[in-house]
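Some notes on the structure that comes next.
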Amino acid sequence: MIPIIITIMVLELEPPHGTAVASLAEVLPGWLRYALSFVYVGIYWVNHHALLDRVAKVDSAVLWANLHLLFWMSLIPWVTAWAGENPMAPVPVALYGVVLLLCSVSFMLLSWRLDVEAETGRVHSWGSRKNRMSIALYALAIVLSLWYAPLGAVIHVLLAILWLAPETR
Amino acid sequence: MIPIIITIMVLELEPPHGTAVASLAEVLPGWLRYALSFVYVGIYWVNHHALLDRVAKVDSAVLWANLHLLFWMSLIPWVTAWAGENPMAPVPVALYGVVLLLCSVSFMLLSWRLDVEAETGRVHSWGSRKNRMSIALYALAIVLSLWYAPLGAVIHVLLAILWLAPETR
Amino acid sequence: MIPIIITIMVLELEPPHGTAVASLAEVLPGWLRYALSFVYVGIYWVNHHALLDRVAKVDSAVLWANLHLLFWMSLIPWVTAWAGENPMAPVPVALYGVVLLLCSVSFMLLSWRLDVEAETGRVHSWGSRKNRMSIALYALAIVLSLWYAPLGAVIHVLLAILWLAPETR
Amino acid sequence: MIPIIITIMVLELEPPHGTAVASLAEVLPGWLRYALSFVYVGIYWVNHHALLDRVAKVDSAVLWANLHLLFWMSLIPWVTAWAGENPMAPVPVALYGVVLLLCSVSFMLLSWRLDVEAETGRVHSWGSRKNRMSIALYALAIVLSLWYAPLGAVIHVLLAILWLAPETR
């Protein structure tokens, strides 16, 4: 379902109205927001794959934890469209952050559930340290967006870079 | 095909027109209807998977029983859009119930067909007792919706909870 | 790709404008056209599956014969939308027939190519007799549609029933 | 994800406004642009498949090189819609060429990364000679499009034929 989410997002991207080079500038913010969402969904795609690869058997609790994550991810195209059409408007940028926060929390719940399944005795993964730090930063971005939207947008970009960049195994 | 249905539903969800917090309230009913449909398609996804896992070989009768189910499920995004754009309007809520009823009946027909294939001698599954009760409640919801739409909507929510909650094997 | 085609077709189906029962009558022709297209794509799904199951190895000629079929099938949602929005208008109904004809011809070319691959010596499958008869009837439907559209629509329905019904192995 | 891209492109293709034969002429340029994009995505589908078939194990660098390619391919439906709605307008035709160029470059980067993984000692595939020549021609098409758009469109068609035609192994 993640490849479908990542692909349909482009349908929310309107073609420019004119045919001048200037009309490209008009769609640029929506396009950058699309690129950012593409990177986020891509990060989830890669990590989700790595997470489920470790799993031997899924029961219905895992299936629902997975659907819970997919629900919040399915809202990414919608909130990308809203934030892209209204660049740097406080509420859309904040809502974008809310959806990213909920994706992050539900990813943590899924990996926690998989740990319980694995009966490893100790439940270590309330997400990695990086995961917990991200959640705090998403929350901060929401508050800052409502005050001055570009600050929220900068945090969204920085977090995407954080998740893309190190990838130490 | 079920992951595609669940994902494209979000395309029917319009971004709000303004950028104020109040504009989110305006799209809230459509959003809740989307969440409800997501849960329903999710329930079918999980149960459909469980149903087909038991099957060794499919013939064309099973394929067509399956396509029959998918046909009614493919209408969920369309009826979700209509009911979501016109919250608590009698006819859209009733039609939403009609589509859920037909999904339920065609799921029952598919599981019945799979039983015939399995040549188990006795055909036990005109659906489970829960399945038959659901069909009666969907029918009730259709009638009540035409009289007072919120009653139908409440039954749709209760039935989703019923199917989500117990899941005893 | 066929499950994607069959699913996105529903996106071309507009929700009714009002919320009265009468507003359903207004969308009924589009809805019936959708149901007919669903059955056609379903028939191709089942037959395409059966065709490729017999194949051991695909080379690039087979891949392109397959993409050729998928190209014409990808136009079914588009021509369904046009014919559905303009019920019984001669040109849309005729074009619907043209697309079905080209799907049928390209399915025949694909199965012919697979026979060549199989090096069976004799190339028997310029399609089955049913296939060749269908092509003649699609061509007839195109001509009749331009004269009186409902005649074309009747042939489209009859051919769908023909392909659904017997299915003798 | 490539089958999803190729299929959703048809959603950007509007049904004609009237029902006369003449109204088909009006949508013809968009339709031809769709057919060209279908062929391009088809070529990538076939070559991408062949490329990944040779690969034993993917690490995250390969995954991201692959997502990089898919990002530029995901823009094909969008730029097809813009160029199709404004046939032979210089900027849309040039942008179409830019997206094709970036797809080609990212395909080259992916195949280069796969060679590094394979630790073959020598990195031979900055793409094939055909690949490098195509990139030069895409760049030429961009410049020519801005001067006289049909010249760019002719190069796009010729390059599609070049990639379709020989296919010597």
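Just so it is clear, A, B, C and D label the chains in written order, and each chain counts residues from 1 on its own.
To be clear about the criterion, a residue touches a chain if its C-beta (ideal position, glycine included) is under 8 Å from a C-beta of that chain, and two chains touch if they have at least 3 such contacts.
Worth saying up front: this structure is predicted, and the values here are computed from it rather than measured.
Both copies, chain A and chain B, contribute mostly unmatched positions to the interface they share, with under half of the numbers common to the two. Taking CA atoms, the transformation carrying chain B onto chain C includes a rotation by 90°, reported to the nearest 5.
Averaged C-alpha coordinates give centres for chain A and chain B that are 27 Å from one another.
Note: centroid distance chain B to chain D, computed from Cα atoms, is 39 Å. Multi-chain contact residues of chain B, defined as those touching 2 or more other chains: 4, 8, 11. Contact topology of the protein chains: cyclic, one closed ring where each chain has exactly two touching partners. Contact residues of chain B toward chain C in the complex are 1, 4-5, 8, 11-12, 60, 63-64, 67, 70-71, 74-75, 77-78, 81-82, 85-86, 89-92, 95. Of all residues in chain A, those touching chain D in their complex are 3-4, 6-11, 13, 15-16, 19-21, 23-24, 35, 38, 42, 45-46, 164, 167.
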